[in-house]
Every structure is written in C-alpha cells, then in structure tokens.
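First comes the structure, then the notes that go with it.
We call the chains A, B, C and D, going by the order they appear; numbering starts again at 1 in every chain.
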Amino acid sequence: MVMQRRPDLTIRIGKLDLPYPTLMASGCYGSGEEFEPFTDLAQIGGVVLKSVTRAPRLGNQTPRLVQTPAGLLNAIGLQNPGIDWYLEHDVKKFAKRPCKIIGSVAGFSVDDYAYVAERLAARDEIHALEVNISCPNVASEGETFACNPQLTARVVRAVRATTDKTLIVKLSPNVTDIASIAREAQDAGADALAVINTVRGMAIDVQTWKPRLGNVTGGLSGPAIRPIAVLAVYEVARAVTIPIVGQGGIETTTDALEFFLAGASAVCIGTANFTDPRIPVRIAQELREYLEQRGVASIREIVGKANVGFASPFQYEGDEG
Amino acid sequence: MVMQRRPDLTIRIGKLDLPYPTLMASGCYGSGEEFEPFTDLAQIGGVVLKSVTRAPRLGNQTPRLVQTPAGLLNAIGLQNPGIDWYLEHDVKKFAKRPCKIIGSVAGFSVDDYAYVAERLAARDEIHALEVNISCPNVASEGETFACNPQLTARVVRAVRATTDKTLIVKLSPNVTDIASIAREAQDAGADALAVINTVRGMAIDVQTWKPRLGNVTGGLSGPAIRPIAVLAVYEVARAVTIPIVGQGGIETTTDALEFFLAGASAVCIGTANFTDPRIPVRIAQELREYLEQRGVASIREIVGKANVGFASPFQYEGDEG
Amino acid sequence: MPAVHDVAVSDATQLAPGVFLLGFHAPALVDVTRPGQFLMAIPPGGERCATALGIYEAQSQRASVLFFVCGPRTRELAQLRVGDRFAVSAPLGNGFTFGTASDVAIVAGGVGIASVLLPAQALVRMGKRVRLFYGARTAQLLVEKDRFAQEGCEVICATDDGSFGHHGFVTEVLANAQRKPDLILACGPSPMLRATAAVARQLGVPAQLSLEETFACGVGGCWGCVVPLDRNSAQAPGFPGADAGGSDAVHARICKEGPVFWAHELRW
Amino acid sequence: MPAVHDVAVSDATQLAPGVFLLGFHAPALVDVTRPGQFLMAIPPGGERCATALGIYEAQSQRASVLFFVCGPRTRELAQLRVGDRFAVSAPLGNGFTFGTASDVAIVAGGVGIASVLLPAQALVRMGKRVRLFYGARTAQLLVEKDRFAQEGCEVICATDDGSFGHHGFVTEVLANAQRKPDLILACGPSPMLRATAAVARQLGVPAQLSLEETFACGVGGCWGCVVPLDRNSAQAPGFPGADAGGSDAVHARICKEGPVFWAHELRW
C-alpha cells in the first residue's frame, strides 16, 4: 500500500514543535554551527546545546576521550564559559540556526539549576530547556541528582518554577530503577524525559598502568549501550505519560526505529555524528521511506508499538542468564 | 630485565587454589566438556557451571540470543534440570575435568539458595560455590536479590551457613551503587566477589514490531560492557578487602590486564568463548609473557596497580559529559 | 572429531548480489565432515560470536561455505580475499540420516541450499533417486541450481515472484508432485520448514528438517538455541529440566542434539 | 570550505610492516587543502568514531593518507582495496604558517611524517631551504625518506636503535645542527614535540607544533581534544570558561583552534 501524502515526521514535545523527530545530543554537536559544512541543519529537528553551568568551567584533564568496542568513553567535565558570558556572547548567534535550539542546564546545587535555567529560558533564541541532572550535588557529598528520586524531584520543581518553556529532564541509566526516577520527574513538572545519558565506565592503559581518562571515570556512549538504552525507554514508557526523547547508540534508521517502537516520541543522536555527520539527515529521510512502505501516515503512530510489557509478572525474571 | 623462573600465574580465592587466574563464566561454558575438543582445559583455572535451581526449569521461549554491537543479549531463563537430577546424573562427571569446578547456585527465595547450596557444596566434585543473586525474590514482588543490600546480605548469610567451601558472590551491575552491595556481601561472609553479571538490555525487531528476545528483556555481555565492568571492579576493589573475580567483555590479554590492574585477582571469560574457544588458553600464555617482559614475578603483583582512586572527591564528578 | 581449523581462503566468489561462496583449504576437515553438519566461523575482527554456517562442499582437501550477507558478521566474511586466513570450529552437529530410502526429495529455501549439497551428493553416490525442490524470492537468488543438476539431481524450482519455475512456494510443488518420495530432507527459513512438515504429514512421508536459530556457542554450552521436542525422541536430552513445563515437550539444543530433527518429533 | 567527500581508492600500498599509504581520487579536496590540515576518515563499518589522519599528499586530483595500524579503525582502513569507496570529512583544522622564514627545519617522528610532506613541498616551491629531521624506532620505519629528498629537502635521519642515521633522538641532531634554521615545524609523538619545543627555545627559533590527541568529532563540537594554551595567544578561544582555573592557560581545541600551535604559547 503506497500513500498519497508523504508520511508526517513532525512531533510535539510539550510546547515544542519539531519538524523532524531527530535532535542532536548535548555535548556532541556544539551549537550546530560546527556541523553546518557537513549537513543540512534544516533537515534535523533541533540541537541540544552543550550543558552550561553557573560558573565557568575549565573541564577535565586530557585525555578526555577513549575509544571502546562499539563505544566511546568521554569525560569532558562540562567545560563551558559559564552562564554570564554564554548569554552575552553565544546565545544571540543561535537565532541564525535553521532548526530548534534547546538549552541544556547543569549544576551542582538545586539553586544552580534554577538560576541558570531561569536566565537561559528568558532568551527567545532558546526554544526549550533540557536539564542534565547527571551531576553531583555538593550538598549531599556529591551524590548524583539523577540517582536519587528526591533530589531529582527537587531540581525539577525548582527549574519548573522558573519557566513555562518545554522542560526535558534527562535521566541517568546508572540507577537500580529508572522508572521510579522517571515518575518523580513527571510528578515534579517535567514536560518530557530524555532517556538515557551516558553509562558510567572506565578504561585502563595496560602499558602505563594508569586510567586512560584524565578524570579516571567517564561516560560510555555509542552503539555499545543501545540495548541498555532501548530497555530504559521501554521501562520509562510504561511508567510515565509524558513524551520520551530516546537516545543511546543510535547510528542507523533501524536503531532509531527501535527507540520509537519502545516508546520514544523523538530520538537524539550524539556519538553517531562523530562516525559520520550525514547520519541524522539520512535517518530522517529513511524514516519517511519506512513509514511510506508500510502505509503509516505519521511517525507518531508507531511510538510504543512494540511495547508489550514483560514476559513475567516479575519484570526481571528470565534475563539472569 | 629477563627473569630466571617463569612468572607465577597461580592465585588463591578464599580456600580455592587456581593454577591459572582464568575462570570460564557460568552459563557460557557448559560443564567444560562441550569445549574440550577445541581447547586444553588443563590450561584454564576452572569452570563455573551453569546456575542450578531447586526445581527443574524449562527456561525461556526462543529467541534466547540476540547479537548487538560488540555485545550479546541473552535470556536463557536458567534452563536446568533441578538440583536432584543434577546431583544424581551430572555432578559425578565433573570429577573427570582437569580443572577446578565451581558450582553456581540460583534461586527465588533465601531458602532456595540455602537448600541448593548445601546439597551442591556437599559434593567433592564441586570445589567452590558461586552464588548468582541476579534473580527475582518471589517474596518481595520479584525484586532482584542483587539490587537490594538487605536481600543480598540475607542470601549470603544463609548460604554461608551451609558450607565452609569458598563462596563467591556474583554482583549485578544494574544498581545505583555496587560498592555498597559489595560491602554487604563481604560482611555477610562472602570469600570473594564476582564482578559483574550481565547488564540488563533489550532489542526490538523493526520488521515485526516485537521484542527480539522471547523473554522481552535480557542480559548484555561481551566487549560492549567492558568499560562498565572495569569501573565496577575498580569501585568494588576500593570498598572491600576480599578478592574479586573480574568479568565482562574480556576477549584479549589487554582486556584481562585491565581487570587485574583495576583490582581483580582473577578473571572470568564468558562470551569470548563464543567468538573463539582458543581465547582463554591464549590469554593465560600471553599474561605470562607480559609479566616476563616486565620482570614481574607473579600476577598477584599487578592486582589493583592502576587503582589510584578518583580525580575528584566527588567520585561521580567530571564524567557527566 | 571436531576441532578448530586454521584455514586459508582458496577462492571467493559472489554468486548473486549479497550471496557469496567462500572456499578454503582444509584437508583435515574434509575427511571427517558428514552431510548436514555445520561450522562456526570465527570472526577475524573479534567482538562478535562466531557465525554458524552449513558446510556446503567438502571434497579433495577443499571445503566451502555459501552465505547471504545479512549483518556485520557475514559482511566481514564476504570481505575475505584469496590467501586470507581465518579459523572455523568444525564439523559440528548431527547430519542427515538416509536409512533405506531410495527416492529422496530435498527441499531447500534461500540459504538452506548451503546445507543440502553434501547430502545430495552422498545420496546420488549411493544410487538413490534425488529430487531438489528449490525455492527462492527471485530467479537471481536460485544460486547453484545448475550445480545440483550436474551432480545428478532432478531440480524443480519455485520463486515468490514467478521469475523462474513455479510461481509460489516450493512446498506447493512438492505437495502436488506426481511421484511420492520415501524420504524428505529440508533446510531453509522456518515458515518453509513448517510447510514442509505439513506436506510430509499429508503424504505420510518421514521428513528430516535442518533447523536454524540464533547461536552463540554452537557446541551445546549455552542453551541459547533450543527447540521444543517430543520427550520420547531419541534426540531428546534425557533430563527432567527440559520438561518442567509438564508438557510432553523438552527443550533440545539445535546445535548439539540437532541441527537435523525428525519433523514429527518437533513440538514447535 | 570543508565538506564530506565520497572518494574511491586509487592506490593502496604497504610501506613497511603495519604502515600503509592509501591514495584516493578527490579533486575537490585537493584544490582546497592547505599544508598541515587533516581529515576525518569515516569508518566503512560504522560503530566507531571517524579517524583523524593528516593529509599526506594533495596533487593532480589525488589525495592520500599515510597511517600506522594501531587499532581497529586503522586496521579497517588498511583493508581497503583499489576501487573501494569510503568517505572523509575534510579539509579540517588550521595548517602551518611560513611567514618570511627562509631556512626551515621540519621535525618529524613516526607517523608525524604524514603531516609534513605538503608543507615541505610548499616551502621548496617558494624557494626556501628545507631540512627534514626525521626520527623513527628503526630504519624500516623511516618510510618515504627518499621521497622527501626527491622533493628537494635535505633529509637527516635518526633511529632509536641506530639502524640508520644518528643513533638516538632526532631532536639531538637538530640541537647540534651547524646551521640554525629561522623556523621549525614539527609533527610527531608528544615527547618528541616537547623536546623540539625545548630545542627551539634554546636556539631562540620560533616553532610550530602539530599536536595529537584522541579526537571524537574533529570539528570543534565536543571539546574532547583540548590543550592548555596561553590565553593571549591569537588562537585562544576568547572566553573565560577556558581559564576558570585562574591560571593564564585556556583550553583550546586541537581540532578547531589547531592542530598547529606555536610552541611558546602552549602551557602543557
């Protein structure tokens, strides 16, 4: 069955209307400008900017990157100029981009998050906010906000109070039960959830007997983590009603489809841009062809279509080998 | 500097003396017999048997396996004949193996674990026990024992009470803080810790719109998870004093060395046997060459040598992108 | 006796788009291979499980595999050039058994063709009458059909698109064949195997099916490749674990107890 | 203007064990490449970041890369055969600047040789005097040294094992050279670059170093490849984030602000 009109790829995340369901991941795409020579930004949904903090950050010692099997370890350390300089010099440039711009907020206290979010959201060049809660909370011995339901709720409530713009809360996979964190974020006012951030990992140099990353530990991204990310989306989709931005190892159209079918309303592409900057536009085009071949009118119709729950009443039974 | 005597690869785990620091992972190596045509079992440390339960289990629907980038998803569902038949027919055969045999105990209640462990440990053919606590506890809505410090402690105490043989407790990476679980297991009487079991994940078939595993979810193994496993060993090594059996994606001698340098006293090889059954013997030989070249007398001397702690007082700081 | 064989590529041919024939020098393997057995091809680049492939040819010191590129591992194997070395664990599994059959119908679909040349050759050598019922999506993918004719088989083809032979499924041709065979051997995608089993039941002819499933170890060590089998089958692993379900079915390992099973003993 | 170029391999040569020269037809790239720029080679099999490689040659519609196999990505590139297609993002980064120098010393160590042919050719064309100080582990790895002589450079070699030229580091030869150059360009492993910087300081000669670091994006988008740089450097990214440390050092991106930096401006 072939269609009359071309399948619809547009999607709405909270108040944010996207022409394509493909976002570029925070920290992986600069502000879009860096990739303009290699792709057409008008054919992607939007760019999630590198996370910005209250104070400027020099970031971690190098090496900040290590290649691993089908994966990439990174420990950038949130290098960024700080919100003041950022608002003064960077943000105005974003108006030129032919795609949506989503700011990313990071911090080390609930206050940090609220302060940066409020000032960032106040700018017209910023169409929505993502909150990167995979940061340590100084007030509780560096416990990661995203790893504690209460801390998650407090950050989200504080940020929510500062803006009406679409709020995407980005969850960490480094938890025992991501669904419970997802519920807290939804109840605290999140408009959408980004699932997942990087998985913690490390690599050791067997020649020098030293960790290979200057920061010792880092975040694992790329195809290696895709099965972990697909499951996280699948579980979160059963726990919340707000839209999910699926991410983690998306490199092909098949990969992206796994996330939509698991329950994501949009996908985010990070590390794959380091493999081939043409991938996001190719995925958008192939998604349309895929829907066309199956006579599906809109990408929205396949969201969660493979989410049939679990084989056992005990969600974890049967996958222990 | 070249040595007189060949470097020593022997290692002691609790009361278990291993001629080589290389174990074959539970569920990946049958009882050793299956791989005898392809390798020399006398050149591996030992085989960890497939986990056995109180009652027989038919296991999960197929497909039980899915290839992922540099990884393998499995959901076997602990197919096994149950402890009675196992003791009667299987165990006596193990005496023939030219390597150590480590029984693996699984269960769905504290009682199950103690019952199976006691009967298994009573047999001379079984030189040590590994406890696979990545199973759901029926009594607490299927919560995974390994994901709850109290449940972990209760299982380990119960099993400890049944035997003096070396007890290896196998930890799950699907937790917020693996170090705290490791401490509980040590305090409850574990002689050693196996780090890590598989990482939960799933894959979706974009043609049929169904999960690719019959069980929906499964456990991810192979090189893809190595950076996650190396960090888990690194963190656990800082939290406990008992030996660690490192595992997760070991395929080459370099990989194995990463685990020793992170703090493992022995390594366990699973999925790599599906890649090439010659890998374990090759790693043992190359480990000896590596030590020889560096004039290191024993593998024991490099354990934890790259474990320098963390860059920031906040263990998680800096790896959030 | 199976073993790991280090081999060198002797010839590499693309038979059709995405379909490759890879020959290699492996005297030791050729001597011990029985029809219907398979090998595990060790990936040169590592990082993945070995790939299960039927042993297509085994003659005068040369063995070969015939495969369709459908993912990263077959793509990697398709890049091997003459002279390149790689390794295989082989031979594995239990092959076909011919008994006293005198008129054998071999049913092959798609890549299934890769596992049926050796049985065809053996049966012809034994003076049996051999018909190959060969189905594929389209004419271009009916690779090696002439080869089977040369080997002395009667070759009957079917294509989904009607571009060659019968327009439809090869099992339809088998069902309506004038002469009834006294043994059916089949290898191919599981829908085709199920259809073959149904036809065999109708005709009252015993059928052996070579099953496919995702493998990890290929040697019986991981229990990843099971199929429900009649507990009374001679191939059934004799322990209760496999029938905890209480049914008369047990879970047998395709790689170890199979890959060839009697159609009437399967409980799938 | 950088872009993604789809190219076809025109020639593939093994120069020494593990060292490969890969030529490809890329007219559009050749026209715009400046000496010292690099490319990101997109991995044919995916699953990994593109590989940063210096642009070795760029002439008459053909460009090339010269690389050492040290991991999965370079291994994959080494398997490309004539006619195979792959893609590169290029040209990237800022190259060397020659100013009014008339006597230039180029220091290359190991794979560093891959980034210095284009500047050598350009300088010779401009009538400058060019000496190549070339170091490697052993004679066999002094690949392409004759090529540089043919191009009109005076070639001075050193090997760690003394198998060819000076026995020791090439920077020692530079330090004791009779004639003092008025500009030094260097590319190689960072210990060699640090030694070169020290020699340049002693001699009071300005030096440009082409740095290496693990890259991900190669285009300035991920901040994975930074090096501490004097905040007053013309190449310093003009914002405070980079000097939150309070030091006079800022973190500059090697792929974007570099890969070539003035030795005296580095704070490493």
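In the analysis below, a residue touches a chain if its C-beta (ideal position, glycine included) is under 8 Å from a C-beta of that chain, and two chains touch if they have at least 3 such contacts.
The model shown is predicted, which means the values in this text are computed figures rather than measured ones.
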Third chains touching both subunit B and subunit A: none
Reference subunit B; chain at largest CA-centroid distance: D
Subunit B and subunit C: spacing of chain centres that average the CA atoms, whole Å: 35
Where subunit B and subunit D are represented by their mean Cα positions, the distance between them in whole Å: 45
Averaged-CA centre spacing for the pair subunit D and subunit C, given as whole angstrom: 53
For subunit A, residues contacting two or more additional chains: 27, 66, 69-70, 74, 76, 222-223
Where subunit D touches two or more other chains at once, by residue number: 47, 72
Overall pattern in which the protein chains touch one another (line/ring/star/complete/other): ring
Contacting chain pairs - touch in the sense defined above: A-B, A-D, B-C, C-D
For the subunit D and subunit A complex, residues of the former touching the latter: 1-4, 42-43, 46-50, 71-73, 87, 89, 213-227, 239-245, 251, 256
Residue ranges of subunit D touching subunit C (in the complex, touch as defined): 45, 72, 75, 79, 81
In the complex with subunit A, residue positions of subunit B that touch it: 26-27, 51, 60-61, 66, 68-71, 73-78, 106, 132, 134-136, 138, 141-144, 147, 174-177, 197-206, 209-211, 213-220, 222-228, 230-231, 234, 249, 254, 257-258, 261-262, 290, 302, 305-306, 308-321
Touching residues on subunit B, where the partner in the complex is subunit C: 27-30, 34-35, 37-38, 50, 55-59, 62-67, 70, 72, 74, 76, 79-82, 85, 89, 222-223, 251-252, 271, 273-278
